[in-house]
Amino acid sequence: MMHRDLIRSLVLITPEIVAALTASVALIGAMLMKRSRGNEAFYIGIIGMIGALAATVILYERLTLDTAFYGMIAVDPFSLFFRIIAYTSILYVLLMSFNSRELKDTDGKWEFVAILSGFGIGMSMMASSLNLLMIYLSIELLSVMSYLLVSYTKGVRRSKEAGLKYIIYGSIASGFMLYGMSILYGISHSLNLREIALTFINSNYPPVTVYVATLFILAGFGFKIAMVPMHMWAPDVYEGAPTPITALLAVASKAAGFAVLLRFFYTAYISSVSMTQYYAQVSPIKWLTVIAIISAFTMTIGNIVAIPQNNIKRLLAYSSIAHAGYMLIGVSIISKAAIGSILLYLAVYFFMNLGAFVVVMVVDNNLNSEDINSYSGLSQVAPGLSAAMAVFLFSLTGIPPFAGFIGKVVIFLSAIDKGLYWLVIIAVLNTVVSLYYYARVIKKMYLETAPADIQPIKVGMLPALIIISLLIPTILFGIWWAPLQSFAHFSSFMY
Amino acid sequence: MLSNYLLSWIVFTPMIGFVLVLLMPRDKVAWIRWTAAVFTFIPMILSFYLYAIMNPSDGGFQFIEKYSWISAFNIQYYLGIDGISAPMVILTGLLGFLSVFASWNINKAHKAYFALYLLLVTAMFGVFMSLDFFLFYIFWELMLFPMYFLIGIWGGPRREYAAIKFFLYTLAGSVLMLVVILAFYFNSTDPSTGRHTFDIVTLMNQANQGPFIKEFWIRLAMYIALFIGFAIKVPVFPFHTWLPDAHVEAPTAISVILAGVLLKMGAYGLMRISFPLLPDMARYTAIGLAILGLINIVYGALVAMAQTDFKKMIAYSSVSHMGFVILGLSSMTFIGFNGALMQMFNHGIITGMLFLLVGVIYDRAHHRDLNGFGGLATYMPIYAGITSLAFMGSLGLPGLSGFIGEILVFLGSFKVYPVIVIISATGVIFTAAYFLWAYQRVFLGAANEKYKGIAEINGRELFTLIPLVLIALFFGVYPVPFFNLVGPSLSKLLMMVGH
Amino acid sequence: MSVNSYTVQAVFFYIFAALIVGSALLVVLLRNIVRSAFALFFTLFGVAGIYILLGADFVGVTQVLIYIGGVLILIVFGVMLTHNVYSVDIFNKLGTLVMGTVSAIVTFTMIYYAIKPVSWLYIGYKANAPTTGPIGRELMTSYLLPFELASVLLVLAMIGAAYLIRSEVKVKKAAGNGGPPGERPADGIRKEN
Amino acid sequence: MIEHYIWLIPFLPLIGAATNLLIGKKLPHAAVNIIAVGSISLSFVLSVITYVHLVSLPAEQRQFVDVVYPWIGLGSFQVNLSFLVDPLSTVMILIVSGVGSVIHLYSVGYMHGDKRYSRYFGFLNLFAFAMLLLVLSNSILLMFVGWEGVGLCSYLLIGFWFEKIENARAGMKAFVVNRIGDFGFIVGFLLLFTAIGMKTGTWSLDYGAIKSSINIVPTAILTIVGIMLFVGATGKSAQIPLYIWLPDAMAGPTPVSALIHAATMVTAGVYMVARMNFLYVLAPDALRLIAIVGALTAFFAATIGLVQNDIKKVLAYSTVSQLGYMFIGVGVGAFGAGIFHLMTHAFFKALLFLGSGSVIHAMSGEQDIRKMGGLAKKLPITTATFLIGTLAITGVPGFAGFFSKDDILYSAYISPYGGKFIWLLGLMGALLTAFYMTRLVILTFFGKPRMDHHTAEHVHESPKTMTIPLIILAVLSAVGGYLGMPGAFGVHNVFAQFLEPVFASGFKLPEGSLSLEWILMGISVLAAFSGIGVAYYFYAVNMELPAKTAESFKTAYTWLLNKYYVDEFYLKYVVGGVMKLKDLLSLFDSGIIDGAVNGTAKLGKKLSDFDGAFDRIVVDGAVNAVGDGVVSAGGVLRKLQTGLVQNYLIFAIVGIALLLSFVLL
Amino acid sequence: MLLSTITLSDYLILSGLLFSIGVFGVLTRKNAIAVLMGIELMLNAANINLVAFSKFIDTGLNGQIFALFSIVIAAAEVAVALAIVISIYKTTRTIDLDKEDTLKG
């Protein structure tokens, strides 16, 4: 292989290289610093992530639309968009970990940073891989890293229990996915997605086989984005894991799941040449209806079961399942605009969901409780914090003038454009149901009086900065969301 | 300069106030109040100025401000007013300003209260002025969460229940509306650019509406979905149960705004969106609308008679009065439309007065049980006088503006639905009965020593009431300026609806 | 290739298949965890044999080296560490047993119906040439990125596993978070349901 | 010259009312008097000037319209604030402002010392404005404005002394009953407005427009319009069945009863029918109905009047009865006679009420005639004037009542719409009227005094401000009759002739023979004198006879005393029915609708116990109600989350299998 | 002759069987490590599939390389899984999955 070709490929994955460097520096740090309790590790991590982000943005500016490493991965605006989300979310998690009470007294801070960098690499590879093996490998990398991260607070029993459940569920899901991939490989005797699409065009296989293969693979992806049949792990793991990690799972790993889902279905199951704004399907099966049905179930179950929840993290777990449902609507509309709308929704979802988790962490730090009842009267004690939480929750419901509304409207726009009226009606009704449990938290904060013995909540400088940095986009993009729209639209170009 | 950005100035001045109030220190209550007063006073004056320089003879939209907001989806920042929205804007300005003084005795979290209040005023102006469907929906929903907090935090004992009920009802309605808006968007072609558009004005001429929504059943479904969204706001009979709770629990100033302006948005929505965009459906379902109007009038009046809570009675009286508006709209005649719009304006003025009056007595006696009072006229003659005038205006006594609205609705709709009008005319009797019975229970009868030293109505309260009294009297005696303002636009609307 | 080499292959296939399926059933059904770990050895050995049969010699050797040498040993250690004599592995509730068998059968039918109707595009006879060289070349050229990625995964997995297992270093500073290190005071609050 | 100042006539009392109501409290009583009485007298003067100007015009042009400003302008539908001056309205404004000024003067004395003095005069002036507006208006809508205005003022004045809850309740009763009448009125003119508008395309309610296009409207519709307008009239002019409010209206101060409930407001109905004569003429059945109702009311009210013991109640029922006569008059087509009786009645009934006022004033509030007697000596002027009034009302020849009542009875007899039956009822009514009026006079002024000692000392003649009006009215009652002397006396009827152009809509009473007129006149005189004689015998000669007859006709007496239990009937069924209906609907509203609307999501129930209780119920998994909707579905699905990872996996695999089967089948 | 040549579907059926047994093992065993064994069975089944396809229908060796990587990854997974299981064992002295249900609802 000509070394010039190798250098070009290496240049295309500079962000991952930077992340790997950070990991190795962290490992060296682990050896030298002998399990110190200080936060030096996090600084290294933050510097690393900023470096990776910078590399990604540079690549983004160069408008690259190319494959690397023999077509293993595609480096295009789509993958770069997800790399940005990956490294930003890790950056935020690191910032959160400074003040996280759960992570404060672990002695494995350096390993933590290393694993997080691994997580980042896994996620960006997921978004860019064009090869079944690469997809499997990156999903495994991401999963193993998150198994470790979930059970990171080894002192806390529920965190290990969550870790165990997560790894068992995850391994079996990836088992199914591997089996699905093997059958797909059998059918299309090639691991490259583009060639799989060609085999679909040239030869026709009995739909049963393609259905079984696709559903098994979908089980793997579904596990990542916690869609309905594969969602039951999410509430327990979100509740058990330390809050920063829950945030990471809710935002980053879900985004990665959607990235690989979109990449897989839009490359393997669709002909690249598309006359109308809608792509022509090549695969013999109606996978769109499958996705639509799953989306309807995911939304409804996510919203309904969230109502009686009492633990805020569990509530946000079900809410993130519901949001996965809303995004799946976009997936079931195979058009370029649909991809753009999903990416927009993901970006908006990133801000509001991460913000909500940061607030949860701060409250947990002060009141040592994740029970919703402990939020009553929060507005009197911490007005700024509860105002931010109210904005995030209203945005999650999808009330204008916040960004959540724009996300939903854009998805509904493309859905109605395609004529999926029944799905939009279900989504719209779900929005009303979702108001019920989001407003319940707000009601607790604002409409109830604080218990007498509540001590004042100190938010700390860094968490406040984090919250504000998430609050501004949630409100700004609710009003003036043209830039976000163009960014999402541009990022929807896939190799 | 001012006049070509006038509408934006009116909409966003309260926002400036909102920001200022937020920046103010928490304990400077007086400052906060006066900023709120100033920043609602300016839009009111601007709206009067708007009325002054508006040329009433042209029925079309004036003071248009049209800028591209989100070019990706062809969404514009499109403001404009015509004869139909002008009175509503003036009403919002007026009540918005007066209610600030009615919230003088709010006792907790003043900063948050006035901030949310100013946000609410902006949202209301926005709804009446926006001509872009998307912008209209944004302002329509923007009004939701300030109201939720205003009722929820500063309300009465069952405020949480009332607040969440209000929120859920309105959200359910508006969510249906969103689906219809999107359906319109996709089936519309902007003649100039050929792209989809949210622009209500272009959607008004049927040529721009795409093929898909030409089918009868689709159009009917869309009309009904839109109607439910607006009916919840009006409120129309089956969807009205949120109103009494919201009114009873909301603080005085918010009840005034709720009754004075928010109820008009439903009817305004019908006139601005449902009728021009789906005229054939409007005609097809007019009889249903009339029947609902009839039920509203008679049912509202009878249930009002059964209430013992002063505010709840007025809430049901609003249901009854809005019934006239619905009847007027269903008549599809020029006189009927004028009557409906006049009734909307009057109801805002008179019910605003009624709620302010209830606020006066509530601040003194801290309860609203009609049977709990009695013989107040001896202690508070001026208060009794103004209340009797408000009651008379409300039951439609000639010489006050209420009468004009009602009689025009009757005159207009008799031609189309004689039987319905005759039955709803009985509403006039029940209205008189429950108002006078309430007046008698509260004011007449032997002087009640329980309220021996009760204070007469004070200057501030008078300041909020006098303008409303004068307007009610003026428009009762000389309503011609109102008709000149409203006439041309209504005839344009009538042509659109095709009668 | 003479007739008997086909038959020899067939014989070996059936031997290995029987070995695999038999020992797999033992792994799953034996009550004693140690015996089922031992049964796993035979399954893995059978699979290695299958690979050799399919001409994947390098993969077969890797299977023996890594799976049996590595994974199986790990599992046996795990069993020894956690296998306290007196906790007999009593049988599962009837409900999960039934559901387990149902799910297994459902999965098999799905797979079976996926495979049966397919007419595979055979590429004709491919001699069992030694595959180590080509695999090595492939790994270093087209599969370079997965190779690197796998290495990152392995390193971090090991680091993480090591972290999870090692016991907490006694906190020298008077952190004063009493009780067992790391174990937070009775987090009664957390156990809300 | 006067044409353009007509609007001053109603406007002056309005200004008087405004000043008195707003700043009256601060002004001394004298100032209040001047403003109040002054404004009404000024408008009387203007009315006289208008009358003189009108008379100067030739008979046909005696009509002009003074448009003040456009009230409602809706393109084709224009309603202006415009006043129509023609003989009919001139007569009415003369009566209203004339009698009004007299009563205002009287009230100065009567209301002396009342703590809400200025408010009283404010309301009185406001009433005058409303009444003048009613009679002068040029369109039905404007008349309706006046119509409601007088209803309001009667409510305010009846319940003037609102300390006593009965007065307030009486006021409300009056207003609500009026409102029921107004309902009929509204329906009436709506139907007329639409019928004319549909036919001719001119959408207007002005008399001129209606008169010009009335004849193309089918008679069936006109009859309905006539009847519905008459329903409005029964409400306002207290005819069967909506008369129940007038007797209770006596709770107001006596001058109010005199002005509103005798002279002016109650006559509005009659004026309306007279004004709409061009319509009624084309709807004979409506006219016939009016006549019948009028006759029934006349007789029926008179019977109740026989046994009433409250001086004002007697006069109230007598008013109802006399109004019955007016309606007989207009009902049979003799609009002139009806209006003439309206005028004479205004004089003598006002006189009687003011007389009773000064009696009550003298008796320091006592109204029960059984506790009076022998006041003649102490109240010479009151007694004299009261006597003249009684003579007038009983129809003794020479006095006003005789001429007007006789004219009505005569026209009732000969008119095609009247007939013997109506005439007979009218005659019997006249007899009963004579009886109860004489009874009243005897029991009040003659015989031995029956009041307790304390009030006896205080009995004194009313001050000059009260007696002068009495005298003026007495003169008018006496002389008033000669204005409209019927043809029988050989002199042409000045009054009828004056009104003739208004009613010149082609309806002529058939010419009865002169002798018939004399005979009828004789019979009515006979009836009057026999009534007086019997009453005299009952109460002056044989004192205990009334008690004995009451004893013998026990049931009849109690029925009459309790006014045929009509009030109780209304209270039990009409008002009771509405009360039950409202409670039912309110229950329906809060219970079923509220529950049903959010029953689907059971938000109501869940929302109501929104606090801890809600969490407690769901947390311990006890989903209590079946079909608990969305909220309980959450609880059920939540229980699926058992915590065992193996269950989750089973759910996943089964889920995938279901998806596969769904897609494949 | 019974011992006819071995075709691709025989291998596939074998791997299918192995996969289902693995699924059964995962769902019914209460001991965490037994579940891990079940997972290994499933992964092996998939590898058989891959290698079989690589032999019969793929000119290149992609299938075998995929299997190789899968083995490597499986090793990493087992390591992490055992680490978690043992750390749970250290605190609660049991690795019975039925006891691991504190997080639920």
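When the chains are written out, they are named A, B, C, D and E in that same order, and each has its own residue count from 1.
Basically, contacts are C-beta pairs under 8 Å (C-beta built on N, C-alpha and C of every residue); 3 or more make two chains touch, one makes a residue touch a chain.
Everything numeric here is computed off the predicted structure, so don't read it as measured data.
J.: On the document's contact criterion, could you list the chains that touch chain A and likewise touch chain E?
T.: Chains in contact with chain A as well as chain E: C, D.
J.: Give the chains in contact with both chain A and chain B, ordered by label.
T.: For chain A paired with chain B, the chains in contact with each are D, in label order.
J.: As a test of understanding: of all chains, whose mean C-alpha position lies farthest from that of chain D?
T.: Comparing chain centres, C lies farthest from chain D.
J.: Which chain has the mean of its C-alpha atoms lying nearest to the mean of all protein C-alpha atoms shown?
T.: Centroid comparison flags B as closest.
J.: In whole angstrom, how far does the Cα centroid of chain B sit from the Cα centroid of chain D?
T.: That gives a centre separation of 36 Å.
J.: Determine the centre-to-centre distance between chain C and chain D, using the mean Cα coordinates as centres, and give it in whole Å.
T.: Centres of chain C and chain D (C-alpha means) sit 101 Å apart.
J.: If you average the CA atoms of chain D and of chain E, how far apart do the two points sit, in angstrom?
T.: Each chain reduced to its C-alpha mean, chain D and chain E end up 98 Å apart.
J.: Take the average of all CA coordinates in chain C, do the same for chain E, and state the distance between these two points in whole angstrom.
T.: Centre separation, chain C to chain E: 5 Å.
J.: Can you tell me which residues of chain D touch two or more of the remaining chains?
T.: Correct list: 603, 610-611, 619, 638, 641, 643, 645-647, 649-650, 653-654, 656, 660.
J.: What parts of chain B, by residue number, touch at least two of the other chains?
T.: Within chain B, residues 160, 164, 168 contact more than one other chain.
J.: If a residue has to touch 2 or more other chains to count, which residues of chain C qualify?
T.: 96, 99-100, 103, 107, 110-111, 115, 120-121, 123, 143, 146, 150, 153, 157, 160-161, 164, 183, 193
J.: If I apply the definition of touch given earlier, which pairs of chains qualify?
T.: Contact pairs between chains: A-B, A-C, A-D, A-E, B-D, C-D, C-E, D-E.
J.: Could you list, by residue number, the parts of chain A that touch chain C in their complex?
T.: 1, 9, 13, 20, 23, 27, 30, 35, 37, 68-70, 72-73, 105-108, 111, 114-115, 118, 121-122, 125, 131, 133-134, 137-138, 140-141, 144-145, 148, 151, 153-156, 158, 179, 183, 186-187, 189, 203, 205-206, 208-209, 211-213, 310-311, 368-371
J.: Report the residues of chain A in contact with chain D in the complex, numbered from low to high.
T.: 164-165, 168-169, 172-173, 176, 207-208, 211-212, 215-216, 218-219, 228-230, 232-233, 235-236, 285-286, 289-290, 293-294, 301, 304-310, 373, 433, 436, 443, 448
J.: Residues of chain D touching chain C in their complex?
T.: 619, 646-647, 649-650, 653-654, 656-657, 660
J.: Which residues, counting only chain B, touch chain D once they are in their complex?
T.: 160-161, 164-165, 168, 238-241, 299, 302-303, 305-307, 334-335, 338, 375, 377-378, 392, 397-399, 403-404, 407-408, 410-411, 414-415, 418, 421-422, 425-426, 428-430, 432-433, 436-437, 440, 443-447, 477-480, 483-484, 487, 491
J.: Given the complex with chain E, which residues does chain D contribute to the contact?
T.: 638-639, 641-646, 649-650, 653
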